[in-house]
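In structure tokens below, several structures.
Shared chain: chain A. Partners: chain B in the first complex, chain C in the second.
So, the complex of A and B:
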């Protein structure tokens, strides 16, 4: 807890940031950078850092700091900057509501229920994990079925094991990382089962977390039934056909006491919904401009609340931008409106931001629907770039420069990732 | 040796209702419950319906107690502060056979004095419930039907009983029963209890308890019901309970607007083993097909959670409530649907039976029939919340972000008897929301551990072997003699 600096909560701020994970901290810094004087960052946990605090593995910061850090180290570096830049930090506090005029009701044991006004708001609430209900696994409901993220908190922060014989369903990064962690902690990890024909997490995690530890990976295979009255006793698994229907006759049973679920993340957009922001049905996060502004004036969003990121470094980059935009808005100098709409085309599952300008440089994040080996990324018919490979588990990052769009005079750009045409290199 | 007047074996809704009824009198009453908390069997896994009163024939015991029980719920909910809403129900007819059934139900209900029963023509049905199937030709409206959270009712009944002096022992199964001319001895793993009267309200295991006591044997079989909860977005799709016409064994697949406002579809009805609480792909198919027949807009994709419960069924499909050939041993068995509805009436009947068996019922002047409802932060307006937060900061710290449950509420639930994660969940809704406990489980475990002085590895989801976390291997290794 940041008790070193007691907070005199003001009744109005230039920028209010909801969430003090990597997105919130970078947004707060961005807002200060843009010249906003009074910035408040609120988080419901007793400490800043969000999920980074339970990510004790390394691999963070390679892009942003050009060195390899653990999650808590990465968070600590940002917290130091946040405190240095005199951002007000309110932890152990909960946002009850935000209205259309950006008046925010907060509740904390220290301050009770308080109302705070803000010229600009940045939503940085992160994401939650999909649960058993989302995939409807038949069977009993014993203890021992849990999300990989909860297990991570249990092991890395609380100091307990979630179980001793573990099966992982889903191949998201947290699941892969937890498979390795549990082996390191002395548990037995019996396998990772993924219903899709490809892994959902990063390739480097498949190598470093599964292959290096001889943890079996079963693609196109899923858990079809959970057994156990009090605690998980075993799970039935089976390969699936092209339509993801299990083939029980080819299935088998795995005795275990724990089933970890790593079946995806969902942006936490309850406040966004209350603010009636326009949401993207694919990402389920808010529709945002190139400055990360949502459909409501003065309300910005960044990080996993907008779309799920592979790397925290990308979250930081996007959130610094959101913070700078919010700061500029609060000072009455918002950026000019976007003039081009980006539309996901062939093999593009999602694309953020949703609009850009032709006169500035923008980073665009894409997720593809299916894997392709050598392929081409296309922006309408004005720009294309070869890519070595694309997989659904890894974000494609594209810097769109004004010169790419010199020949473009429309208002909608279709983004596509297509097989490389015959005859081209 | 603990010596009591009455021992109730089983702390389901029936046992708890009996305990609370007996707590009105100057008696020493003990409830023995094998599970970690009350209501953890059939009572927490059912449709949560207080039936309108007309479903079962008045020639049956369950038919008589259904309507009698119905009339007591509003008062109970008011006194004990648990949620109850009289939303009414529609039984719908798709053809002439069904329409004849509606008339039979109408007559049955009117015979029992169930008020307000009314046949609605198709136009009225469509006007009142526009999302129902266009194939529905007619419906029987029963305004007396209601919904509750059955586990809340159970907790409240138990708490009220305990406040009025009943001793509640959870996690204490009865292992053997013996008797002498003065009464009964019940053996649990903890102790031997001497009891003048024994009430067998052991639900699925009532046959086993009767066997231990050596009274007339009977067989309880388990009929499983799978239920599927739908996303909150669908709330309001129907505003009343929707029933198809019944079959001889079940009321069919219903569409249930639960007390919490979410829709639920089910229950299925298939005989199974007494420990089979699994949901199945076939069950889901059956429940959704049945529900879609009533409300075509319902989709399996909207399912967010599912569970199964077991009905305790006797061969004649009726309740068995009464004395046995052994004086002082009373059976309350086969309490299948409408058991929840009937529970308060069953409790009164049991008190009368005990009196007939020779127990003196002397009213206790100290009896307090009301309970303060637990604080629910999510339902408070801003001003009330500010006032509460200022008075007790623990109510200003959110534990469960999805359902807006505070640390204060979790601690209050522990103070009122919660000992397991499920106990916390069913009392406060902590972990029932979108994240299904992903974020709050650790906080709940540490609060529960601290408040009860129980180490985390000894905490469970719902008692027994349902542990949640275990010690790390390095810590285990330092304990000599532990493998």
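So, the complex of A and C:
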């Protein structure tokens, strides 16, 4: 059994990490690895691990640990390492504000309101779920409408069943996984409705979570109205046309007591905005360098606060890097500035980091706008690689090696994912 | 049964490509797999056709812990047909915190030979 030690909170740290989910824990480890002595990790929950604690299903760690773990197991392995490396862990605590000199105001029942100075800060606050307001579903406002992740917390940690007859709107992975969880807990799941013509989550989750339990999946169909005065009584659903306009004459009603929403995540950037960081309008997270540094010196960011990841293993890799950069900055040995800007081109929705160097290897994470197969991933005119397929729901990773850029002397590279040209294999 | 033998379709769960797999059994009991793009797909189709199995992750009631539920999982995959019955058997249990990660909470679940273990530490709430 592992537990955090009692904490003597210092007034200054080399590196302060905001958030103790998978991103924060990896960043703290990265900072220690880089030689930072005093590292503090702060989280508002009573324990570290973030969203992993409620993701009790398997499938985590295939890349990082080379074995398949549950979310809580993945979190616990990281906490063990964090405690071994003498990182100070402060839970039940809230970061109120950070100023441009990286002075942080935090609040906890144990320490009251305290100011802590840090040579470097890592933002690892994660994301929040989009709610009913984000998609403006008409109708009444009864109890029983909630996000899939909140339902996951109720079921897996608090031990409450959110309802007996459940409809899921949105086919993100959390929605698919919760459809299965609710069936395993004795509820009836009447269907998953997705406005897009394709599933948002992984196909393995369609098989394991829906097909295994005969849960109907309705593509190009959405919830058009919520009915019920005190509690959800039924929802209206209807197919949509190519412009996503509902066709009510072809719609029907589904009696139910609960509507779960699995309609996407939004990076949580209140602190980033207080720091007036430059934000990417597409990802809504901070613009970051190849070392995951934001537009403000000594302020780094990683994990879902920067862009939404589909695998926790990618969060871990990116956050180890952010932590190492923050550690190096704190020790007064920051990496050299980036000299090449990456620009999303055809069929690239977003790419992170936003800049790279020509002298080191970098991993760039891309999201595409539309599905293609087979296709070509192209980096300016210096590099291209064939891909079997791309889908908007899955991150494409691009390793940029220094040798690609040996003959490159510009300062901007366009990243594109284009259909494979005729006649090529 | 048609002269061509029994045909079944599966969606591969090996990677996000989601290949549509077709398994055809011939008269001698051999199987032919079509639609896979890799070796893992071939193996998945054979396993899914002859003996579909799933890992099970659910929760068990726990008293005196930080949370009211302890996440548990099977050490290995169990036959797909046993998944719901296994969850029901686990719902009948009540544990008392503290519980350490890896503790066996149900041995040889439903005679499958597979143990169910705690998938985290559950500290006692002070």
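Rule of thumb we're sticking to: the second predicted complex is superposed on the first by the 421 of 425 C-alpha atoms of A that agree within 3 Å, B and C clash if a C-alpha of one lies under 4 Å from a C-alpha of the other, contacts with A are read in each partner's own complex, and residues count from 1 in each chain.
Note that a residue touches a chain if its C-beta (ideal position, glycine included) is under 8 Å from a C-beta of that chain, and two chains touch if they have at least 3 such contacts.
These numbers were taken from a predicted model, which means no experiment stands behind them.
Peer 1: Does chain B (first) or chain C (second) touch A:63, or do both, or does neither?
Peer 2: In the superposed model, A:63 contacts neither chain B nor chain C.
Peer 1: Would you check which partner chain A:198 touches, where first means chain B only, second means chain C only, and both and neither mean what they say?
Peer 2: After superposing on A, A:198 lies clear of both chain B and chain C.
Peer 1: Just checking: does A:158 make contact with chain B only, chain C only, both, or neither of them? Give me first, second, both or neither.
Peer 2: both
Peer 1: Taking the superposition on A as described, I'd like to know which of chain B and chain C A:399 touches: first, second, both or neither.
Peer 2: neither
Peer 1: See if chain A has more residues touched by chain B or by chain C, and give me that chain.
Peer 2: Between chain B and chain C, the winner on chain A residue contacts is B.
Peer 1: Once chain A of both complexes is superposed, is A:141 in touch with chain B (first), chain C (second), both, or neither?
Peer 2: First partner only, chain B.
Peer 1: Taking the superposition on A as described, I'd like to know which of chain B and chain C A:389 touches: first, second, both or neither.
Peer 2: Once the two structures are laid over each other on A, A:389 reaches chain C alone.
Peer 1: In the superposed arrangement, which partner chain does A:245 touch: chain B (first), chain C (second), both, or neither?
Peer 2: In the superposed model, A:245 contacts neither chain B nor chain C.
Peer 1: Which residues of chain A are in contact with chain B in one complex and with chain C in the other?
Peer 2: Overlap of chain B and chain C footprints on chain A: residues 155, 157-159, 185-186.
Peer 1: Flag every residue of chain B that touches chain A in the complex, lowest number first.
Peer 2: Contacts found on chain B: 275, 277-281, 283-284, 300, 303-307, 382, 385-386, 389-390, 393-394, 396-398, 401-402, 434-439, 441-442, 445-446, 456-457, 460-474.
Peer 1: What does chain A use to touch chain B in their complex?
Peer 2: 44, 92, 94, 96, 105, 107-110, 112-113, 128-129, 131-134, 136, 138-144, 146-147, 149-150, 153-155, 157-164, 185-187, 225, 229-231, 266, 270
Peer 1: Which stretch or stretches of chain A touch chain C in the complex?
Peer 2: 1-3, 46-47, 53, 56-58, 68, 70-73, 75-76, 155-159, 181, 183-186, 202-204, 206-208, 211-212, 388-389, 391, 393-394
Peer 1: Please name which positions on chain C make contact with chain A in the complex.
Peer 2: Those residues of chain C that touch chain A are 10-18, 37, 54-59, 61, 66-69, 71, 73, 80, 83-84, 87, 91, 98, 100-101, 119-121, 123.
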